[in-house]
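Next, two complexes with chain A in common: one pairs it with chain B, the other with chain C.
Take a look at the complex of A and B:
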């Protein structure tokens, strides 16, 4: 009996904890007042509209989009062949390679960021944008390898031999029968990579520089100067964008199968 | 080139790194033959098949098909088809597209493509399933799609890897007949790999029994079944009581035992099926150590001075109890006379 009472209460608390901040942010962003506050003072869309008028938000959104899409594509271009080799060939030290590839997930971002800045960007004098791009690619790579590997391991390898015996070259077999069957995994990796890159703070914090910032970093510095609800409005918009992407992915791909 | 040497393996050696799986194999297969490569797992039969398909490169020797040396021809350029044990259908394509896959790569399109695919599906009786995905088909249907997919390519040789092993008993019988029919109608040279002697005996025109990378015996099903050449083949086709022979004696657990009867001078061993053992009378005696009822017959396991003897007799005869002493005979005139021993 007791369990029956506790379980729903705990469930409600967990849900409140998870969804609560999101609701607060949405409410705050609809405020008509001058400062970020909850409960909102009045109701208006002025801060949502303001978001689109802030020049630096537009610029940093563009950079974040470029990093998320470009970085994820680069990670997939490297990650798909790597996953294929790891799953199909007896690579010596495959486990070590897998661990190294996953290390950016394990090592805290702030350390990765500092290390990249001190020993990579400064000595080699990379441009800010290039440094950010390379760092994001490296951060997304583990996700790409893991998700693509999972779908490759679910695919029988003898269909490639079957394709070869029906006249395909080895490369042809990869594009004709492997790629179409891991398409779902690749799209899942893309979405995961996109979201990871878009929400990245610690690494980007170290690598951002004058005039080139990602959106989350720009939001942080905006808040240091201006404490108005437009940051809340922007957060809410980004949350809806993420939700929309994941919803579409689940709807058309069964995204949760891959992650 | 004669028809009996349509596919020739000449001193073919196949190895995995330093491990030689098949050393210097010679084999001729005739045009339109239905041949079984029979043997226990690890005997090299699958390796041989993969080499013929081009999926494995031989370390030496050659493969001649229809007069052409195909040893170094890559798998995708060989006129050889392979039906995989797991069927290996392309999961993202439907039945029609699976069958059309190879034809499209050959550059066939339009009406001609459609005709050949439809024809192929009709041959295996799957015309109404053209738009299904492989996952929506039963094992037997997937097998047929796989067969059609290879057959529409009109290969000179069709290889099948354990074609019946993933099917249940009833489907197996049906598929057996089906494979024989397709083979006879198309006249394609067909080689199938199996570890099941019943399957090989029932389907093949000729059986190649393999053991440890070499050929133990080649023969028709009747020859293999009635006149096994070695103790291994004898045991494999059901002669479960095998003895080495020395003059008019057989070597047993308790020393040499003299047998009476005509034995060819070249015979190295004698073997009896359980059904060939005479029970209830004879010069030997054993104790019943096991008995099982097998429908029409009853099987006995006897502990005897000769070693363990397996016997089988009509179930309508009175049963012998566990532990009972039982006289028996091994009649030499019924025994298979083996030309070789020592492979068991």
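Take a look at the complex of A and C:
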């Protein structure tokens, strides 16, 4: 009897702790009042609408989108060939290369951002946006290599060897035989990279300049000066966006198989 | 396996060179700054850093909070993971999904919610005042408690998932057998469950501990300059004082901790594969 009760109570408490804050933030963002509060003072969509009207949010959303999509694509362009070589070829020093490529995941992002600012942006007069793009690409690269490698390792290599024996070129075999088979893994890597980059704060912390800021950084500085519910509304919108992406990915792809 | 070396290098080098140039080289230069003084190499910066009481306090606080969050996550994690693995398969999948869900959501959004909850006019204070437990709002924000709660919420899912997979790999009859043989629940946990799921605990613990050590957003939003942790201290040293030497020292501390944890994880993973 005691055991029957234990599980639901524990799970209810843990889920309330993990998910409850989102429900509160969604409710707070629907408030009609001037300041952040829960329970909300009347219901309205004014703060949700306000989010779309704030100029800096629109600009930083665009930059975050560009970084997440562009950075992930660049990471895949670098990462797919590397993963292919690491899983199909005898690469001398493979372990070292794997460590170099995956180190950005281990080193705290704030250090990467600072190092880029100090040794790339300042001395070489790099644009902030370019530095952000490079940093986000480096950050996503480990995820791309890991997920694509996993799906390459699950794919038998004799089918491409068969293609080569039958007269297909090595490149042809890759594009006609391998690529179609690891499409799911590549898509999964794209989604993981996108979400990682979009939510990323520490890397971008030092890499912001006039007019160039990622959305999470913009939210951080906005909440320092104002206490209105628009950041809550934006947080809720972003949460729904992430959930939508993950839901679609799981539905059509079985995303969790890859991650 | 293809043997062609030139092809292999052509495929792998762009990624390696990119990571090396954009990431490895700048970080190594940054770290070397902490050991330079003019033209000579020295560890003076490290001695200076640790001789200041503020820095000592921040360093110890970071370790303390990370350890506390890890311990709390382990306790709650076991309770939750144990409840989850005993659910029927359908419910297990759903609840696990709900536990993982927050990981996909922006940490800024996840942390911001605690301002609504713990703020002066937040839910907790409203409840305390209206029940009469407190005459005036208690300050939760910008305290270690707030940072602790925020970090725990951020990283608890990692611990729960690690423990779920560890508990699932445990022999099914181990717990009932121990019960039949007369062990009480405390003995079952310390003598049966804990030794059999040790690896999962270490993996989850390492993820939570390094995550908390190197967190920026949570201490920045919920701790502010009152509750500095290593990353927020680094940010403050750079933006307020242009102090790149301290930044380099903090960076090395963080990197050493992160790599040590990663090494531990890798060792555990290979040990498990061999078995």
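In this text, the second predicted complex is superposed on the first by the 255 of 259 C-alpha atoms of A that agree within 3 Å, B and C clash if a C-alpha of one lies under 4 Å from a C-alpha of the other, contacts with A are read in each partner's own complex, and residues count from 1 in each chain.
Rule of thumb we're sticking to: a residue touches a chain if its C-beta (ideal position, glycine included) is under 8 Å from a C-beta of that chain, and two chains touch if they have at least 3 such contacts.
Here the structure is a predicted model, which is why all the values come from computation and not from measurement.
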Simultaneous placement of chain C and chain B on chain A, clash or fit: fit
Which superposed partner A:112 touches (first chain B, second chain C, both, neither): second
Which of chain B and chain C A:126 touches, first, second, both or neither: neither
Which of chain B and chain C A:78 touches, first, second, both or neither: second
Residues of chain A touched, compared between chain B and chain C (which is higher): C
Partner chain in contact with A:181 - chain B first, chain C second, else both or neither: first
Touching partner for A:159 - first (chain B), second (chain C), both, neither: first
First (chain B), second (chain C), both or neither touched by A:231: second
Nearest Cα pair across chain B and chain C, whole Å: 10
Interface residues of chain A shared between complexes with chain B and chain C: none
Residues of chain C touching chain A in the complex: 1-5, 7-9, 11-12, 14-16, 18-20, 22-27, 29-30, 76, 79-80, 83-84, 86-87, 95, 98-99, 101-102, 104-110, 112-117, 119, 121-123, 153, 156-157, 160, 214, 216-217, 220-221, 231, 234-235, 238, 244, 247, 251, 254-255, 258-259, 262
Residues of chain B defined as touching chain A within the complex: 53-55, 75-78, 80-82, 84, 86, 88-92, 101-102, 105-106, 149-150, 153
Touching residues on chain A, where the partner in the complex is chain B: 155-156, 158-159, 161-169, 172, 176-177, 180-181
Interface residues, chain A side, partner chain C - complex: 6-8, 10-11, 14-15, 17-19, 21-22, 24-25, 28, 35-38, 78-79, 81-82, 84-86, 88-92, 97, 100-101, 103-104, 106-112, 114-116, 118-120, 134-135, 137-138, 141, 145, 157, 170, 195, 198-199, 201-202, 205-206, 216, 219-220, 223, 231-232, 234-236, 238-239, 242-243, 245-246
